[in-house]
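Look at the two complexes coming up: chain A is in both, with chain B in one and chain C in the other.
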Partner chain A sequence: MNYAALIPLFPLIGFLIVGLFGKRINSEKLVGTIASSAILMSFITAVATFMGLLGMPAEERSFTSTLYSWMAAGSFNVNIAYQFDQLSILFTLIITGIGFLIHVYSVGYMHGDKSFSRFFAYLNLFVFMMLNLVLADNFLLTFLGWEGVGLASYLLIGFWYDRKFDGSHITWTGDAAKKAFIVNRIGDFGVLAAMFMLFNQFGTLEYAQINKLAPAVWGVGDTAVTIITLLLFLGCTGKSAQIPLGVWLPDAMAGPTPVSALIHAATMVTSGIFLIARTNVLFALSPTTMAVVAGIGITTALFAGFVGLVQNDIKKVLAYSTVSQLGFMFTALGVGAFTAGVFHVMTHAFFKALLFLGSGSVIHGMHEEQDIQKMGGLKKYMPITYRTFLIGTLAISGIPFLSGFFSKDEILWFAFLNGSPVLWGVGVAAAFTTAFYMWRLTSLTFDGEERFDHHHVHPHESPKTMTIPLIVLAVLSVFGGLLGVPHVLGHPLHIPNLLEHWLEPIFAVGTTYLPKHTGDHTTLEFLLMGISTVVAISAIFLARSIYSKGTERAAGIAAKFGGIYKLLWNKYWVDEVYNGAFVAPILAASRDVLWKIVDVVVIDGIINGSARAVGASAGVLRRMQTGVAQNYALIMMVGIVAFIGMVLWPLLR
Partner chain B sequence: MGVSALLATIFLPLAGSLAVMLIERSQVKAIKVTTLVMTVITFLVSLLLLPGFDRTSTAMQFTINSQWIPALDAGFRIGIDGTSLLLVLLTTFMMPIAILASWDSITKQTKEYYALMLMLQFGMTGVFAALDTFLFYVFWEVILIPMYFIIGIWGGKDRIYAAVKFFLYTLAGSLLMLVAIIWLGLYGVEAGVGFTADLMKLRMIAPAIPMDVQFWLFMAFALAFFIKVPLFPFHTWLPDAHVQAPTAGSVILAAVLLKMGTYGLIRFNLELFPQTSAELAGPISVLAVIGIIYGALVAMVQTDIKKLVAYSSVSHLGFVVLGIFSITVEGVQGAVIQMVNHGLSTGMLFLCVGVLYERRHTREIGDYGGITNVMPRFAVMFAIAMFASVGLPGLNGFVGEFFTLIGAFRSPFLNNWAYAIISASGVIFAAVYLLWMFQRVMFGTNNNPENHHLRDLRTIEYWQLVPLVIFIVWLGIAPRTFMDLSEKSVQAAVGKVEFYKFSRPSQQP
Partner chain C sequence: MQPFDLVGSLPLIVIWLALGAVGIVIQAFVRNTKLVFGYYAGTLAVTGTLAALTSYHKTTAFQHMITVGGYANYFDVLFCAAGLMTMLAARPYLQRSESEYDEFYTLLVSAVSGMILMAHSNNLVVTFVGVELMSISFYVMAGFFKMQERSVEAALKYFLLGAFASGFLVYGMALLYGATGSLDYVDIGLAAHGGTLRFPLLLAAGAVLMTIGLSFKVAAFPFHQWAPDVYEGSPTAVTAFMSTAGKAAAFSAFIPIIMAVMPVGAGAAAAAYAPQLQMVLAIIAAITMLVGNISAIAQTNVKRMLAYSSIAHAGYLMMGLVSGSADGAAGILFYVTSYVFMQIGAFVIVGLVEKADGTNVMLDDYRGLGKRQPLLAGLMAVFMFSLAGIPPFAGFFGKYLLFLSAIEAGFTWLTIVAVVSSVISVYFYLGMVVKMYFQEAEHATEPAPTGMAGITLAVATIAVVVLGVLPSLLLNIYRTW
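For the complex of A and B:
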């Protein structure tokens, strides 16, 4: 065992202490400190582990720490074992680093909540599960984390269990929590089935073994590997909120805002990307699945981006933005640009956590108001929040040299190179929506006239525990992209693409099965980069011209395109379709056919019917038992005569 | 030590039952304390089975073999292997909890109640330890009577209907089993050892029985067990029995009684008739899969919490049957541990429903809402029980489900992925019906004035649930502590079927 195995242990200890004794500790300061320092200790250990890996030769940067044998029967054996390598440590750093900032932020945000300690217990539980997910050396332990983060997400979405929440066909936070868990379970079914098939094929669920054995068993395009990867991808669409299972994420905003930042933007929702990156060899072996991943990714990016254009809830805009950005990441994976996908996970974690925490700061300062139509002009009341939020907006929009620019452009470029111009075109359109809705959000919130009720709402800047994490994240959002500067920009300036270099061994095998696109495209790459930058900037100016003065012009445009507006406002009626096509019929059939007819009428009818038949025939037969001796004698005589007759009959014939 | 521990585990409850009968009726406290002490001692004694138990052996351990009815070669033959050991421990563990659950809720005829509970325990432990068909049958029937009265006297409004239905349903099956036991014993004559009820001898004899006879013997045993499990479509007694039974009755019914059916399927069907088991694995698994989905769907639309949990049992035990008839080590091991898991988590769910019922005297989901507000400690417990039942990895339910499914997936006897894949969709529905119920009962605002002042868990209730939580987590994160106990016995049973199916040329032309 290595000290690195302590990384997931700290949050577990934090969870147990705060969960079991939090109420008794009865001090927000102490509870917050315990929970935050648990994550900080994990982060420090992760940094040390990272340094350790850095000191090794690139090919040897991987070690496993086995704790004990978890589940075993017959030929099946799976360990609780953690694998530390380039991919898992990168995710670990993101999870614990951003996780720590969000813990600190939450100390301020959750101040005064009656269930303060419960919140931090759940948050620690989440980090523990998330670390299991990414550090696992086998599918089953990842699955433990996978469902575990689902549990934490459920608990945190429904954290204010007695509050109303206005979602799609949802009135309570509890409904949203339940929806999230169940929709995710549909995806988990896919992962479960994929695990069965993998174990059946390889007799193990360890990533290292499977990644090594798979190319020997399956050729590129084998049906089995296509089925397996599609099933895994079904799980990814659940956890990472892609079409067709993305419906839960916007409603997950029912949870406290730090939860939206940590779980529903920065970490948990990127599990799907992690899983594909972890099993990139399998995915690379199936061109069909790769095409599906890219197709679903880009479609989700565009469709969610459109919905984001018309939403008025500050958190919902960010939620659809998250769905859209996750779509970009899947697009990258689908075209084989694994590094670009993971790169966007990282930069997105920075700026989306920043934006969510910023929105939390706004909501906090506005006394729980979330409707951007009732905001405006907030920049003079909350300067730090405004400036950091602005940085986040610029970063996500893809303004050159901020973090989002590098990662998104990398994705778009590979969509063009490995995919097709169409894929690139759709991607640029989605990028346009990103810049547009983000600027709309920023304008309506911070610029223009103050549309809130001055008598009841007194906007104010948030406390330091909240603003300091914002500043740190803003810095990361600005400079984080420098870790993955694309060659076309970096080469002339002698800036290496550190991230690509770091992750290379992880994707080395998978990449060999992908089609190669070589040649010098420097001019083309610059050209495309220029186009997408122009698009982003023009989207910003368009949004600014419409929204900087308020909502009137927008209302006019909405009226002009009434049909489209309604379609987007209602999120394409996806929830309604699912309800009508699946939920309602299954419920009706279960109630009116299976229960009321099959169970009650048919089965019980037969059982009770045969009981009644026995009773009825007994009712007839008992009349023979008259108690009168003469009758018995008579029947006896008849019987004897009949018996004699039976014996004699053959003789007489 | 092991042998005496086993004897004591079986007979201490009987002694306790007699002791309770001797106590003055008015001494309610003495009756309760005696019962509790007896069950706790029995549990501690049953733990003594562990140190001497050899987990590397496939043989029956701690055996006693003494004559009882020489003419029939029926004997007092007892002994345990890993599978029975786990179920014996489950029984002795659940009993003190069930007694605590009855502590305040049983107010009439307490003396009879506790005497019958202990009698019930005697029968249950006996079933799991019997190595003689007659003895097994006697224990099997011994259980029927106390359970009949527990439902019929201390049950709810329609308790008589439920009790009679339970009694007749089970009796119909067990009479068939009696016929099979006699018929089976007669084959001892053919084999040259004379009529016998010795299970160990029968294990040698039974596979040689002509296949058509084997089929009927198999079916007679199977039907008795299917009803007890209960396997779809023999399940309709269960919702009624559960809804009407008092809390402790439901707990024991779900936790232990149903396991007698699945245990029987392993001990008799699988181990005595390997060829027929291999033959019928497919059709039986079809019923199991239907039960998994059907139970879940019907559970989803229940408005009565207890009925919902009852139907969830139909679904969960479908996994057990599927695991057994996958006839793989993974599957059967999964089935064995799923029996234990279901006992713990469903037992705990029934306890939680009992806590609510005791306060509000209603089981309708619609009468609740926002209960977390007034009962936060209870909410935590209820949530743990729910997620254990949902099959969340890290808690116990997942382990059993996963192994039964992986067994079914790989089974050379079923030889079809569809069984496992269709059943796996049951995990989605499990989340639907349990989370939906939990949301309607516990979340939202507490609007009903009758729910405004519900008391949170009392100490006695709290301590019924804590031991269950410990084992629910333990089984989830370190299931090998328990599964290693039964690994060898299961390997032997599965190996036998594989031998007859694959290694030996078929007897039939």
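For the complex of A and C:
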């Protein structure tokens, strides 16, 4: 299956064509077709590769395709090599499949934008980098992709660089892009440090080697592996917007909505989950890190869910929802339910992409309006958007037999089984907020009275290029969960848990180092499932009773709980705390010490001094270069005598 | 032992026959520049192809006088490629200056034949013949614009100093013969590595003198001063060829000689001078790159700037000799290959920007080129970045290999000097980019139409990028020798 290596190549070609010649092509249709078909070809190749893997015996479903060795210096060897196995192909299918739908959607959404081709060039670049991230067979190539998606994310958040953006302490899209980039730098430091330590220990950065060697070197709970995995996890909190580095994601909504759907919901932000799944052996060796991952995950899920309750920007609600759902995924990884975490990545990619694209369709139809207080009653203007959005809402809320139900319940179940009832309880509370803010969002947007200005705003349904991807994603949101039906439901009906079976070899080694919980818990599992379903449905009814008529009742409640409302509205003042504790001191130190003293006095002094020295010596050399051949011969003679003397003198003595 | 190896000698036989037997006869009767151009271009193409095809065949030929296959054939291909690229760019350049005579191509191929001899040589006399054949062709080519004073002056200076340096080279050879009783590299190497000699001093003196003679050919300090004057005065197409292929040829002869006479760490009594010779090479390398780069900063003329930069590059390349190891040699091979492409590319652009009367070669004439000629300026920027050693271009990786070999040989201080002088060099390489993109032109002259030089530029650019991204393409070849 050598053709598999073509998967990342197509988006690269697309990026080069659109990036270099996009302006000259000057046809939205052609640019959109080139960019989209690049992703489609990757998707088709990925499907073929998947079929190929499917045809192999389960233990052999993994192969590496080495494109070339970039450099080999001593023991340090960097290969551009892609690893195709159950995990990477699953992510590849999500990235290229949803990526393709979002490309198609963008053709409609970005119609008429003055930088149409630049947008698609960046989007192709993103997919290329993301594929490198997940397909890499070593840390270094993953890190290249890791940084590359960061770059693409930066470029796309600030895509409308001339627009204002109302974020936390931010007034401009460029600032939002910078915030995302800089916050991620902190996490990248963690990944780099972990890579250095791993290389120092093993002399290689290949996943296969490290996963094989690590258990032989480190026992469960070894300090070294704990430090390394905590550093890796620091990187994950940056990329996947977890506490403490999650502050950038809500501001990343400054980018065009398809970007939010692709990068900041479906794919890039799940890189952290991917990295942990890829190195699950290391994480499994450190119970401390696992506990930290679970704790951070569930805390983020709850806290972000609460903030989502009070947001009025349609995209911001979804952003906090994404942070919260990513928290669920980390909870799953933290309790050792790797498959459940990856399962939630997949279902979340379906319904969150759907919701984001749906919100984009609303924003498009409302002429760039994003405030849900100025919407209402849109369902009669946008029937397709409404219906698909509703499906997404139900799926994320965990209504039985939709995709979100299966994946979220599996996470909650393992949180109870492998974790503790407390973990489960917090998870259920977070799930309550999910159902509540999603229903609030849907009600305020599509139901109730029309609160927009009829003279200026004429809502309309979006074109077909936008609605068809919505429909496809809605179908996936409904049925996607069937790939991972939990045993408790599937077993009596003879429905296998396909995903768990598929991913089993990836997590086989890691799982052996985790504590085991055996025994029959069928009744308990059904009971917990019932409780969380009841919680979700009651959240929906509660939200419906408050918001279906409008915002008055909500305003009353907000007034009653003024303190809490203010806390949530200001997102626990995290940005303010960070500004006070880190940003302002660093800025002050940079300005007063680094700039005015270190840079101006010390560095400039050295640089200017050495420049003067270089200039002076250039003057001397210039005078030596007289242009007279005799002088040259003389200098040569001096050199000859000196060198002969140097070599012969020690021999003569 | 075969006295005569037909397969291995094929590239040499072809170029000699084409040049000495057929070419001269054609030119005696036909005055058709186009035909001569095509004939010699074909000669180089055929020679290069044969060299590539027969490189698997590793042996010696002509009673051990030459080695064939592998290393030597690699250089054959490089010389022929450089020659072809120069010819393609030179034709339109010479036509504009109205000085296109057939002899130019004859001399160029004659120089290439000398280079090939240098790379194949396994014998001091053969090396000397090769060096002189190349040098004498260069002397004439340097003065090819015979109506221009600068060109004639360049030729004369080059000739005088070159003859002076050849004296030391041939004297060194005589001493080596006197010390070891043989002209054969293998015998000399055996003597230096483990033999007992009656006059070990002769061997040491011979080794130093040969080092000095070849240092002149690569334009290393303090034997470099001819280079700026000659490179500036010569026709730009000639400079492009001399400063690249000429340097590569000198190193192709330098490496086996150093390997033979400088046994590093062998502890041979016969070669007690080896550490000192290493130090001499290191000092030459260090001062050469500093002098080259520092002087380049002060230049206002592009050709002169590139001349000094080429001196600095000789310094980097000599780092690979210091270690006397196979890694150092691999570094030289990779870097000199990259260097040939990036330097030819840069000089070809200089030739295109230059006016027919030889003006418009000042740095200030490149102001605003980015706006007027985006493609040309973009390629120039690529070559400048590569010369400065910025990834992902070939120059970066070559420098990396050379620096690494010096560190492994225990010459960390040399690497520090190299890094410092690389930093200095960034100033003038990027200064060029700044001029092209961030400064406005005071007077705009349009560069000449690219013509066939476009092929040269395309090949150079592709090589610079591909070698930077896929260095293993070449490194894997070196491993097979």
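By our rule, the second predicted complex is superposed on the first by the 589 of 653 C-alpha atoms of A that agree within 3 Å, B and C clash if a C-alpha of one lies under 4 Å from a C-alpha of the other, contacts with A are read in each partner's own complex, and residues count from 1 in each chain.
As a convention for this text, a contact is a pair of C-beta atoms (placed from the backbone, for glycine too) under 8 Å apart; a residue touches a chain by one contact, two chains touch by 3 or more.
All values reported here derive from a predicted model rather than from experimental measurement.
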item	value
Chain B versus chain C as contact partner of A:581, first or second or both or neither	neither
Touched partner set for A:650, first chain B, second chain C, both or neither	second
Touched partner set for A:54, first chain B, second chain C, both or neither	neither
Contacts of A:151 with chain B and chain C, given as first, second, both or neither	first
Which superposed partner A:20 touches (first chain B, second chain C, both, neither)	neither
Touched partner set for A:638, first chain B, second chain C, both or neither	second
First (chain B), second (chain C), both or neither touched by A:68	both
Common interface positions of chain A, toward chain B and toward chain C	68-73
Touching residues (chain side chain C, partner chain A) in the complex	156-157, 160-161, 164-165, 168, 200-201, 204-205, 207-209, 211-212, 216, 221-223, 225-226, 228-229, 272-273, 276-277, 279-280, 284, 291, 294-295, 297-298, 397, 400, 404, 424, 469-472, 475
Residues of chain A defined as touching chain B within the complex	68-76, 80, 140, 143-144, 146-148, 151, 154, 158, 161-162, 172-175, 177-178, 181-182, 185-186, 188-189, 192-193, 196-197, 199-200, 586-587, 589-591, 594-595, 598-599, 603-604, 607, 611
Sites on chain A touched by chain C in the complex	68-73, 614-615, 617-619, 621-622, 624-625, 627, 629, 631-633, 635-636, 638-640, 643-644, 646-648, 650-652
Residue ranges of chain B touching chain A (in the complex, touch as defined)	165, 168-169, 233, 235-236, 294, 297-298, 300-302, 328-330, 333-334, 370, 372-373, 387, 392-394, 399, 402-403, 405-407, 409-410, 417, 420-421, 424-425, 427-428, 431-432, 435-436, 439, 442-446, 477-480, 483-484, 487, 490-491
